[in-house]
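Each of the next two complexes has chain A plus one more chain, namely chain B in the first and chain C in the second.
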Partner chain A sequence: MSRAGSEYRVSFPHMGNYTVPIVTLASMLDCEIMPPPKMTRRTLELGARYSPEFVCIPFKYNLGNYIEALDQGANLLFQAGGGCRFGYYGEVQEAILQDLGYEFEMVLLAGGFGVLEHYNKFKSRNPRLNMVRAIRHYRLAFRQTRALDRIEDFARRNAGFEVEEGAFDSAFDRFVGELAETRSIADVERVEAAYTEELRSIPVERPEGLLRVGIVGELYVLMEPFSNFFIERELARRGVEVHRYVNVSNMVDHGGRNKNRHLREIIGIADPYLRYHIGADGTESVATTNRLRQEGFDGVLHLKPFGCMPEVNAMSALQRLSREHTFPVLFISFDSQTSETGLATRLDAFCDMLRMRKRRLGA
Partner chain B sequence: MNRLIATVGLPRSLLFYKYRVLWATFFEQLDVATVESPPSNRAILERGIDLAVDETCLPLKMFLGHVETLRDKVDHILVPRVVTLTKRETACVKFWASFDVARNVIEGVDLIEYNVDVANGIHERDELCRLGRRFVDDKRRVRRAYDVAHAAYREHAHRIAGEQDAILDRPGAKVLVVGHGYNLHDELLGKPLIRILEQQGVHVVCSELADTHLARKLAARISTDIPWTYNKELLGSVELYRERVDGIVFLVTFPCGPDSLMTELCMRRLKDVPAITIVLDELQGEAGLKTRLESFVDLLKAGKRAGGGAA
Partner chain C sequence: MKAYLGVDVGSISTKAVVADGDGQVLARSYLWTEGNPLRAVKRVLSELAEQVDAAHPDARVVAVGATGSARELIGAVLGAQVVKNEITAHAVGTLSRHADVRTIFEIGGQDSKIIIVRDGVPVDYAMNTLCAAGTGSFLSSQARRLDVPVEEFGDYALRSKKPTKIAGRCTVFAESDLVHKAQIGHPVEDIIAGLCNAIVGNYLNNVGKGKEILAPIVFQGGVSKNVGVVKSFEDATGEEVYVDDDGHLMGALGVALVARDEGVESLFDFAVRDVKFETVGEECGGCPNDCEVVLVLRDGEFIDGWGNRCARGMERVRTHLASSVESAVP
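Presenting the complex of A and B:
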């Protein structure tokens, strides 16, 4: 990739496997791209140390990513924002990092994924950029995102039943590696087709009466596996078929022009527990849970950062739904104190409970 | 002869402190009686805590307690939904959801709502009039009731803001207390704090701004991106008053996201005024609060004697 004429070294917060499409977008800037170092506990410790006390955990992870990226020499940071207070993080994070003495520029992409809105922000950092090229990058990033989400979805549903342990993880890692090398939509299609084939050929043994569980909740802790202690892998290890509907493809499909129609649709599905949209992903959490209950799923896990208001609001509806239909929902909050062992114990207990319930209902 | 056609309960919490005059006047014009829940007390909060999901913020817990308090005392309970008041801003999501949350956790009460979502073309006037027609089937009369109520509301808001301004002209130490009306004026949350400050001999100015256009313009000097309408009003008051007060107290309730971000930004950008943040939670005791406020006021007074503004 060319980096002629630019002093920028660009970085951004981690978001699960979406580093690939984010790099595709960032490469519009014709400068060096340096994703932050791999997330560790230290990332969270750094972020938490300089964050407001009860800001939610995605803020802390993002800030930790920025600090580690700046320490490596990054000087242009991106913040994408989201549908809740996330959309406001950038300004506060910028002030915190400035007070820490870092020199950098920050680009806020709050408010969705509109090509036109973002184009000017990219253009001002790279005068050589033109619209045709920007659109090409966006289309490629979208296509990569869709491939990622489809392949990941398949792996999520099947990894729990692989005959050879680690087969799905290893294939998925290779897939992400090859996806990162794609430069055209045709490339992405080829890689996706090859890995769809490969994943389908991995031997699986699906037992009778397996557990089907949905994961709903706040998008960051759903999509960044480090932040949820790789909960999907943990569930798979316990022989559970895992379903998740919150991903970037769906966010794009349900955003923009389609937003209001989609909202009406999910409020309908969430009836009688909601009459209005309750903010960010909250409505989606209630609607998905109600749908999965009707489809005969065995249970739902609801994940959120501690204090996440849209999801706390959703919990009032989810608790009522769970009570009225005796439908199992496990609520998990993540903050900087959450312990991995505590979580493992809760998952064990939840899965045991689901198995007992299934036997009882089956008898 | 009793002309009243129904009784509507107004929970003394959240938007009550902003729109009390609007609601009371509107229903009065329609011959609908209103009953206000009593000022907050420990029992109301305990009820709210029992009803709410653990991680719910303190003001919303208090609100649920107030709704529950009105059960069996009224025919309907008003729980408005406020999403957006302008195209580019938003209200905290608890105002989006309080109606559905209350519906899910409190059974056997008839909640009535009106919905304000200006960004999606849903306006307060149309929605309150729709609600009014449930009681009075006369479009023109309901519309007139709204116009009277709205005028009363505007007048009241300007009077309160004028009173704040008058306090600033008094001699002696002055402290600006920045917080949402539903926290500042709550008998159990903000009132004790304001009383302690007043006992220390300082004049307390509350972050009330009637002129929302002015608030928005002023707020932009501190934060260009903050999306929450009600927080813009708080920031606006900080910008308007900070040079005329000796110190600022940020009153935040646990675990408010918007306030925590706003306070963080203020603390980092306003270094010329002494400021502290007081975080209230449901276990709050007055002793610790008193000690902190006393030492803060001592600091301000020492700074004032020394002739400097900053401490």
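Presenting the complex of A and C:
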């Protein structure tokens, strides 16, 4: 409590492109915001060196981000939490970083998206903050998130068929750059509209009988491309239309007062493969897979950190679904030992298999 | 006659075939990789060239396919039309011989996989992750410990009446369990039969987990040559397990057939085995990611490279390499 807001230098772990809305939230603190350096292999090496060996991989990436941020001078770190081991990431990481001799404060936002609770934590670090301003930051951050998710979704489904290689990546990067400059909902709407139009005008050639594949599984490895070896881009490069339903917009829509209704809904879709919830987002993985099967998708990739309990629970239900409907599901685990070559082999084989199958079904 | 070359360079062994347009094998070669895929490929090419010259002098290789863990490297060296993952290659090869197969077991030197086939199309597969317990290299390291040639493992196993139970979950623990069983007096036949059971148990519980295993079953890869493991598979599945004499060549045959179907032809010259190829590896150093970039050189000229995350990495390493070559020349 001794420090004035302006002396804080705030940082947080990376997760995909959500740096933009996170910065919007963090700017409530009226202090310097320093996102960690871009993720590299060094991030993982640092994180893995100081993490418990058997902890799930997102923990190691987060810790690596914190160390690189602290080394740059950050002194206030944020961490969220969820309904699995993620729920105690913050406490354990705080203890590890203290043992390493770093001086910092850690703010834990575990426990969902309770705006009032978050507000109090921000307010205690910046006494000048008021509720009206906080709400404005929250609304802007959510609107930025929604724009990000919608634009990314469109790019994901189309990047595999671009005529000019890298056209979607380059437009998307520019979009993220402009989104970072938005200061009002109207700004976001303008940027989103401009890039929706631009992305729609990128020439694509969609072949006959293209493959449609959904990716499901654990949130972090789905949303942080570095942690899944850019699997969406790799699939796109193999001419696949990629669909993903896990993103922060959907998490917000399905949280809070909508939570119970959503849970009832997905357990209904996952039936008969699941009749009760299996923790964190495991039920979601089974429900989405079953829905995509009914919608005629060609296959599903299930991604999880090695040892992720909720997703391990989902696997046996997914295996049964896959067996009973001969619906291809590829299971991929990520940890600090994952080999990129091994992943490429499995993706190649999966896409070949889906193509052979499709040709046969069509014949 | 048009012919197709398929090369499968695995961690332990290198396999190659020359096949005709109908998938009949005209020449075959199988030898140890010995950690040097370039040398191994040159040796299989020599053997194939001799066999083709002797038996099918009119055969002309018009397309080349490469598979196995060294497929990128070998594909670049041979100028292959097709570089394919080993799972697809095995499925295509096996289906060309056994059109009715519904389950393919494959256990190689360091990996094991299962391919589920329905109506002549692969519909599901799995490959071992993180751990090599229950693969060929596990068997050969245990063979060394027991001082029994790995080629004779199968015959030993078949002589056993009461296979010893060996913990097969992990190579290291299997080894200590095996030593323990030997020290308390279990005969070597029973221990070897137990090892075969452990491999099969491990396989079915890992890559085979949750898969619907239906006959006809074809078993291939180096370990399929071990009759003890074949019998363990038959006991565990209650089905006949078929092993093709050419089972170890299915990856090579498969990728030759994929190359045939690709439809891009150019005459292949076996004399490529006399060309000097080398690889150089270097960490990029352009950013903290430090990609390990590998370049393949043919008579000192760059032909291909990989390992870079971004385009800058390849440029950096090539430029650096070129300047180091220049500065070495007085």
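To be clear about the criterion, the second predicted complex is superposed on the first by the 358 of 363 C-alpha atoms of A that agree within 3 Å, B and C clash if a C-alpha of one lies under 4 Å from a C-alpha of the other, contacts with A are read in each partner's own complex, and residues count from 1 in each chain.
Just so it is clear, a contact is a pair of C-beta atoms (placed from the backbone, for glycine too) under 8 Å apart; a residue touches a chain by one contact, two chains touch by 3 or more.
Note that this is a predicted model, so its numbers are computed, not measured.
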Contacts of A:56 with chain B and chain C, given as first, second, both or neither: first
First, second, both or neither for A:333, with chain B first and chain C second: both
Partner chain in contact with A:316 - chain B first, chain C second, else both or neither: both
Partner chain(s) touched by A:352 [first = chain B, second = chain C, both, neither]: second
First (chain B), second (chain C), both or neither touched by A:306: both
Partner chain(s) touched by A:194 [first = chain B, second = chain C, both, neither]: neither
Touched partner set for A:186, first chain B, second chain C, both or neither: neither
Chain B versus chain C as contact partner of A:131, first or second or both or neither: neither
Intersection of the chain A residues that touch chain B with those that touch chain C: 306, 315-316, 319-320, 333
Chain A residues within the chain C interface of the complex: 37-38, 40-43, 306, 315-316, 319-320, 322-323, 326, 328-329, 331, 333, 335, 337, 341-342, 344-346, 348-350, 352-353, 356-357, 360
Of chain C, residues touching chain A in the complex: 69, 84-88, 91, 118-127, 129-130, 209-212, 287-290
Chain A residues within the chain B interface of the complex: 52-56, 84-85, 87-92, 95-96, 99, 108, 110, 260, 273-280, 282, 306-310, 312-313, 315-317, 319-320, 333
In the complex, chain B residues that touch chain A: 52-53, 55-57, 81, 83, 92-94, 96-97, 99-101, 103-105, 115, 120, 223-227, 254-258, 260-261, 263-265, 268-269, 279
